[in-house]
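In this document, chain identifiers A, B and C correspond to the written order of the chains, with residue numbering beginning at 1 in each.
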Amino acid sequence: MSLTIKHLIGLHGVPSDDIQTILDTAKTFREVLERPIKKVPTLQGKTIVNLFYEDSTRTRISFELAEKRLSADTINFSKSGSSTKKGETFKDTIRNIEAMKVDMIVVRHESAGVPQFLTRISKASIINAGDGRHEHPTQALLDMYSIRERLGKLKGLKICVIGDIAHSRVALSNIFGLQTMGAQVSVCGPLTMIPQNIESLGVKIYTDISKAISENDVLNVLRIQLERKAGTSIPTLREYHNYFGITAERIEKNNKDILILHPGPINRGVEITSEVADGPYQIILDQVTNGVAIRMSVLYLLGTRQ
Amino acid sequence: MSLTIKHLIGLHGVPSDDIQTILDTAKTFREVLERPIKKVPTLQGKTIVNLFYEDSTRTRISFELAEKRLSADTINFSKSGSSTKKGETFKDTIRNIEAMKVDMIVVRHESAGVPQFLTRISKASIINAGDGRHEHPTQALLDMYSIRERLGKLKGLKICVIGDIAHSRVALSNIFGLQTMGAQVSVCGPLTMIPQNIESLGVKIYTDISKAISENDVLNVLRIQLERKAGTSIPTLREYHNYFGITAERIEKNNKDILILHPGPINRGVEITSEVADGPYQIILDQVTNGVAIRMSVLYLLGTRQ
Amino acid sequence: MSLTIKHLIGLHGVPSDDIQTILDTAKTFREVLERPIKKVPTLQGKTIVNLFYEDSTRTRISFELAEKRLSADTINFSKSGSSTKKGETFKDTIRNIEAMKVDMIVVRHESAGVPQFLTRISKASIINAGDGRHEHPTQALLDMYSIRERLGKLKGLKICVIGDIAHSRVALSNIFGLQTMGAQVSVCGPLTMIPQNIESLGVKIYTDISKAISENDVLNVLRIQLERKAGTSIPTLREYHNYFGITAERIEKNNKDILILHPGPINRGVEITSEVADGPYQIILDQVTNGVAIRMSVLYLLGTRQ
């Protein structure tokens, strides 16, 4: 039960056996989270640095909790209050941190490719917590875990990712991971939000949300990232909601067996109504809980790899 | 020795047995703080999130030390660098944090009522570290502990809270807690700083500081909160000091047996002179030490409640 | 193996036996850093507060890692989000922190003398992590450790500190520490960057970098601190580089046995070329690793002192 990968940069190219091992190991940690004592001594004496160059609440806290529950020592580093303003290069910052003998680095960065770059300059295990529009592999892994938990499998399922596919690292990681596990992935959204070459990945494109709902088993509803200028791709939020918003009416009319995922944070009334976000079809808070278990699994498997 | 309360939102309505249990348990932890090894394994494997939406040094550090000395895992969350700016509702932020399986949430917020609201949306134990003008229960508990330590009792004592009562959560928590324990609470300050209906709580009003000093056993001197526009309630800080400042002269003339408390941070020369703040009547730094013991007690009792 | 000093404020006046003990103990911790489990239980139950009033990445992380690897509980305090803006005096802030029963305080401050001041108002052990232009003793200790590791000794070595000596706390700590250990210290830089009275400390002045390279065993190359207005002492960075920059050409021409140190962060192409900073003469990343070991040593020796 040892991974072939040394780092988790993305799900592109990760073998299905590795994904299977991560999901299965997460199941064990998911049970630990229900215990009164949610802590195991597995990574005692290991040091993990959380390098968050982009603001984040849930992902940072989720990783930090996972690290502490594995008994690792954690150091948090954010862009503010750092030496980057002293003119030090990013490479020198990383080589310095690595020289302090850290075992793993969890990194979030606004630029795609930064985690990959780190694997070349550091001996530590690198875990990508989101890099630009590239990948966000632990999010996709927790999505897969949550789907498998509810539907018992991934193979053969039809999963549609809804929203701003072009600017989404979550979409890309979902596509790579789910396809590897034998699911069929499609996307749905305004054409301005869908990359032109996505069909070459074997991904079907929907522009009709009703059809997307009726023909799929799972919807993964992305948030419209107001803070990343999604506004330039759509006329108004209201119009987006009218055409692509997930409403109870649309679900009940097209597919009452659908399972709804959302990576959060939710824009209520934009990509999803409050009725759906709090309703019976969704498993949004399960995803959050499972996220801690998935991160414990990844940290454990990479941190104890021989 | 188990509490009837599940959360600590305020001292209003908390039974005297619970307060007694918290104070007695704090005494044990106060002794732990004098040991070379100030740590007990009581909350090992429990996770506590410190949600500070308002800046704070001493209260945050005091809670964090209490948590670490109980061997809990702690996660700090402050408003800056969070997802609130991504348009997520406060309720969704909290439900997400809770879904990560945290056991307790310590919350400070500028709006009264937020901790109470949290008890409705989260399964975690909620501890109020100060909410708007409402309550700051651990401050009042440490005040009570410090008074009892010096004077041997609370019942029958006369305690006057001095300053901006109208804007003070410390004053309100003191009134509720001390009255429950059988003390007589009064207030003293300019009438612009005293809420009109306070007498309905059985609280006597002084406008003459000399009389307040001579007729009470304890003064709890609030800080004039310059950063919260106290200035609109008083003409000048000098005038406030002239009428209500606690000076050595006033103490020696009116009551040499008085005990002086102050929740900090001190405005030297405004509500209290340096001579008094560093002098023999006050127990200001004892309050700080006792604050860690009180918070250990509250966290322990709520965290191990069946 | 117990130190005579209770605090580490600077290396001025610290006896050679104490420095020897710190360096020898660091060697043990340096070995711990190569183990899979880099943690020892030595300071379990001790509380260390990191008071960083000046931004810092590497020094803060280095101390925090050292503390966690000694199993101490750590509290971080930075200027932002603190009560200093509430008008509290620095002295009151410190006395409050101390009243919470902390064992050690690591302090960085822009004003020289602050750590010394803390020793007078606190019972905790104080460790200076850099105060204004005064001292940065753990930096000098890690420099000495790194030199001794490579050259087998300190006694009799010739070491030249290059750069803005007048504004450098690193230079001063190097001079005091190295001289105590029997090394000969010189400085080299533009005369506008060299304090007039430095010769009275027994320190030779070079203004010719080639001569400094050829006559010394070790160069400690300071960074030109752009953020501290070094610009007022030199015409341009290019001119500084032309006259004092450490280049491969200068080394190869004058002294191929030289050892190059740099405290970081590096300004590549200003005080040192990338070729030298990444080349065979330098031990810059060794210094970073040794820094964690030195800080573990200092914290351990002061934290377990009877």
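We adopt the following convention: a contact is a pair of C-beta atoms (placed from the backbone, for glycine too) under 8 Å apart; a residue touches a chain by one contact, two chains touch by 3 or more.
Note that the coordinates shown come from a computational prediction; the quantities given were computed from them, not determined experimentally.
**Student:** As a multiple of 5 degrees, what angle does the CA superposition of chain B onto its copy chain C give?
**Tutor:** A turn of 120 degrees brings the C-alpha atoms of chain B onto chain C.
**Student:** Shared numbers divided by all numbers used: is that above or below half for chain A and chain C, i.e. same or different?
**Tutor:** Counting shared over all numbers used gives less than one half: different.
**Student:** Between chain A and chain C, what distance separates the C-alpha centroids? Give it in angstrom.
**Tutor:** 41
**Student:** Counting only residues that touch at least two other chains, what does the list for chain B look like?
**Tutor:** Residues: none.
**Student:** List the residues on chain C that touch chain B in their complex, please.
**Tutor:** 44-47, 49, 73, 75, 77, 81-89, 92-93, 95-97, 99-102
**Student:** Within the complex, which stretch of chain A touches chain B?
**Tutor:** Counting only chain A, the residues touching chain B are 33-39, 55-58, 61-62, 64-65, 68-69, 78, 80, 225-227, 264-268, 285-286, 288-289, 291-292.
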